[in-house]
């Protein structure tokens, strides 16, 4: 199987990446981005990540195992949970998001083919085999930049606010537009593009899905600045693991037909978008429950460091964190135990997935405020790492920042607690926890639209009829 | 198997029951209490409630099936959920709470016997077989009246604030004290008594568990008034189903040795109390998720009746109700899927059970406030049933209380919504949702005490060590 | 000035009142309603309620003092707050709501007269002098029954869903319709009717305001059942003080012109509705802050009775109650200190009034859940008063319900705590706190519509321009 | 009066300041710190900041006006509110916190002098006149570093965890210890030091208050790193205004007797700490209500930029922000309107001050999460300023980040929204809003300890006695 080094050495392949206003030629050795490159590459170092797949007659990554039943989904949940812990509480998206999209594409294209007589499924399957057998990393680009949120794609002033087909040719299609929030795309071998929402007939040009290599001509990726490392010399976690977000631009990009998975069948855009969302939200609640341990662990250690572990308000803070983690866990377990099997593939229960998703959107800030409450005001006023490296200052800082433990040990905890709850990193997280994998509002709409209210209504009708 | 009539005809057996200041001789035909007697008896009319138990070589009620694995627990959850729906969203406790106590007693007595050389398990087993084969109903009396909450049992001014052994004799023990909040005890064949908390050596006399027939001499049961029927002529649900709560007094009651399951082994009082709590909280999250449908169904129908089903605040209200129900469901499923097997018996996962329990304690009021928000101020000012029966008033009331539906249909919905959210019944429910099966505070303590913080702390220690 | 007895003796004047399906001839001696009659009459027993008004050259009730400045509003707030405490935490609406409407009518009619050349103000002024000099009680009927909430008045299937003018005659108008939630109307001398919302031209017939004696022909009042007294023999507070709500029907009622204050000038319906809402919400936050003392006092005493006054969760409960009370107080003080003076009359600041209003709508349930949390599960399972009157039971109940205080004292506290937080009364309160004086949704809309966002936006524009 | 330049030119006077591990000789021209120096100096450019004080027979800054009544407190509130708006929503602490301490010292020392026969008040008064007449800036250092929070000052392993008197000499005292969270101390002319809490007799050495020039020998100030400027090239607000926090170390610092205001009178440490807290919390709710406009203004503009200003969830977000701002406003107004006059000085009502304080502690995160919710996920993935300065990238970014407004305008708003809600700045703010001016826990304790529960309890006793 592919190993870490062969993966890393493949990255500088001409892909067009910008960081802080510069085109980056060497992604692997860039002072900041290399941290994230190594994070991505870390997936190839994981133990027990490979299994022999009878369907493909090949060893492949477990991420590419097509879930056929509850157990497969439970395994996938546990894998994502455990891998997140391996990477210090930071999600490793390299093969997760891409496989989420592949499963959604398999189910959707089977239905399109039946309905329209197309041959999309074959293409998806072929792409899947290529990816799995070559152990590739994938990103999925879904969220369009959207322009005026009160207007549909075809109603926008600038027609490129959603990725669209600008030309259909004999050999393929030309697409144009931009996707926001594509995570780790700069380290992915391939990019899968899918629609962000349901489409109407007028928006047919926007009903498009495809996959292309990251270094395809016309693909331009502008990465967000990693201020949490560059500005904060005291950061700890971000120097070990982070993932890069980009805006990914498709400037008249050519996609050959065998990589096109949807091209105008607007009636299926919503299904594809929703199926991916369900898989990816299942992934999200899995990694986020693991990620919570960063807060629980730091909170618990910090409480002891401050000598306040028995205060009831501190216990209340810890409980809030635990409730957050375990409600996510419960939603993942319940979604896996009650799947829908469609086209032979197991889909996590969308109700429980969305309940967990909505809970994380609405409550992540409690991890942050609880950790701040435990840690104290020192998060706002902590001297820098440079101060601690100055011998004169060091003696004062270490003397005066002791708690129920030594100053030098408490300082490290403070630095980490600050990074987790009062920094660019926490701001970035808070935003992604509210918006990633669909906004709060989108989750609420999805949850209510699909909820079966009829059973409950019928019980009430029965009661009213049997009134005594 | 036992049927409804033979059960009902057995109730007037001399048990000492008081209601509204009167000793009740005929429980079955009492104008108010008969509703609850029939509710209890309804368990014998349920379809598919019987199975052939290989352990006992006998047909028995599914409630008495000893859970051996995840599937047994999932079945039990689904049974309680479905039976609650059968009884119009009102829990039927008749065989549930007693079996919860029996499972806890089986596990605990095995451990006592091993540790102390006693023979308690045999007695529990014999009692269990008697109950199961005769298809009896059981209540469990756990919560002592407690007196001054800042003092332990033996420190109380009046020593009888917790049920205690006042005499050990050759043929048995004499017990004294009172248990609060015993549900449906007046309709139970037998009462199981267990400790309410962990005990220290000084409190040995209070470490007592036993089972006795409800009509045992010295047992006195004072029932709460059913104001929701007596005062509210417009009540609907309470005329169909309710459960009676009592204070159950043990006035120097004799218990023969073969019905004594704990008598001084104070070290095991806490284990027994906790095991019962875990089983019974699992029961609670199961019936409460079903009970939520009362609010969801009424809320959804009322929204349509008022013509506001598309208002975003109404949708928000419905979502709150749905989140409540499904988080309980998720906790039950997760608790069943991740059991602890102890002494060969499957115990629901206590972490997930307590997370669900804590969620219901803290959020039940949202069902009430959401339903009120949807229904409107009319819940506070609705005329009585007598008004609607007066022909002159009727025409006005029906004319003026129309919404998006006819007045006479909306009136019934209003009456039910009022009963569910703005009445004695809702007050009773709100109290039990906060306090039953252990108070919020007790749940928090249990949850945090047993939580594994070490894994998370270790991840943080690892991060601090690998700081770059 | 008028005294209690002359007021009471004036009540049985032929007004058409229904209670529990019966037409009530004697309001003063009716077993249930007399409590509320005496509550209403209690206003005439208050000390210091009269002052010499220079405008009218007469002694009048302070409720009828037209507020001219901040101090008048602060005095009015303090009067309502203190009177509510006098009546055991229960609001006395007898002259409050009517004067709220009179102030709103004075301001609005001055503007109509200026704009339309009408003479409404003179009529309002004359009615005001009649009311003030005769020391009358008034109700205000605002909330229409509304029918389908998604439709405007003129769009309803039944045109009478909002009170409307069905005929204009030489001597006056004929009105038809019904108002919900009219508090204490059955004990009021006069009823003021005003619109519930802004109206468009199509709804002109619904733009109507007037005042008539309660015993006017065609006025029919159907009172809500007082289940909190009739069903709950243990109730304490409701046997001392309560206010009756009615649906008030106008079945082709004649109103002479000198009592008509708005008749078709639809452009002013919104202003009148809003001005009344502002005055009445100011009244509401004033009495509700006083009413909170019922919960704070009972909570504090109950905490001591249970021996848990030092538990942190109990202190948290008390704090929640205190925050509720004081935020209401703060909003009333701020509204009084920052009034708008319009047409020479001081209007409480509508922003602060609405902030307080919205806080009480959204947080009243915390008073209830906090008191339940402190009191314990006994609220759900307390025996009835009849049980305590039975000598056999009494000894057991008093023995076993002791806490850190004697049983017989704790029992009374439990009964009161139950009535306040787990009864029909608390359900009625919870509904009115959410809906009375305008629903949560209505308050939110009002608050945001009138909020000045421009200053804040301008600061941001300035910052963006000065970007460095 | 003093002007901006003379103030700035006085700053480089040998005071010992460290930033990022370096001793800073030139505070005024330091690339980062100069922003904050100019912010501080900005106070001298304010219009209408001077008044003629009859007590001092001199023009002085309004900050040094001793409040004698409600109006003085209302004026002070409005001044702080308006000045905060002047400085782009960022508090200017330069003369505010020092005057808060001076008022508290005046009241406390009068009481000590009466009680102990000391002459402290005279010294405070002399210092006050010196400060006021010379128009100085002041910092106040209150919060000790505290060590093990479960131990009192004299119980700590290291005795210097709270600032203490290590020697009393003829000419003065020697103090040692460190104060955390001293805001803008590096730009203050003088530092006032007061105790952080009540002291017992054993902690007498820790009962110490004094004032010294910032450049006093032995005073060392270590500033927090301004990561929000250094790391985030796109920051906007922090390039205009910020305040520097330091840990301020007292390394055997000599204080002459005429600058010592408390030296061992431990019984008064608590009073002094609390009085300062009350004044400073009044200041806090004043500036924080103004600061909210940053979020309200950005939220409102961003909603329009995204085309979602009419979505109900966006309106809900705006309402949350408005409620936050106005509840703070209400608490300040109510505290000013209901002062306590002690020793001739008006103290803001501590109940309302603490209610507002507690509200800001507990709800500030809603400003952040609401702004994130409105702004969208782009806050997490926004390219850097350097990217926008690269011409190739610029065209793409501006094209694709348009909303309902042009891309280049929306980009600026996004940058500001990110800074306010998802950056080091928002993390710093969130921490200070939770902990500054006393933690949540401290506020709760203070509020409950001083609350009058007796009135409410008496009303309940009255009700129970009049039970019918």
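A, B, C and D label the chains in the order they appear, each numbered from 1.
Here is the rule we go by: contacts are C-beta pairs under 8 Å (C-beta built on N, C-alpha and C of every residue); 3 or more make two chains touch, one makes a residue touch a chain.
Please read these numbers as outputs of a predicted model, since none were measured by experiment.
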{"item": "Set of chains adjacent to chain C and to chain D", "value": "A, B"}
{"item": "Chain at maximum distance from chain D, centres defined as averaged CA atoms", "value": "B"}
{"item": "For chain B paired with chain D, centre-to-centre distance based on mean C-alpha positions, whole Å", "value": "51"}
{"item": "Cα-centroid distance, chain A relative to chain B, in whole angstrom", "value": "41"}
{"item": "Multi-partner residues of chain A (each touching 2 or more other chains)", "value": "313"}
{"item": "List of chain D residues in touch with chain B within their complex", "value": "312-313"}
{"item": "Touching residues (chain side chain A, partner chain B) in the complex", "value": "85, 88-89, 236-237, 239-240, 293-294, 296-298, 300-301, 315-316, 318-319, 322-323, 326-327, 329-331, 333-334, 337-338, 351-352, 355-356, 358-359, 412-413, 416, 444, 447-448, 451, 453, 455-464, 466-468"}
{"item": "List of chain B residues in touch with chain C within their complex", "value": "18, 20-22, 143, 145-151, 157-158, 160-161, 177-178, 180-181, 220, 222-225, 227-228, 230-234, 245-247, 249, 251, 306-308, 310-311, 313, 365, 368-369, 372-373, 376-384, 386-390, 393, 396-397, 399-404, 418, 421-424, 426-428, 430-432, 434-436, 439-441"}
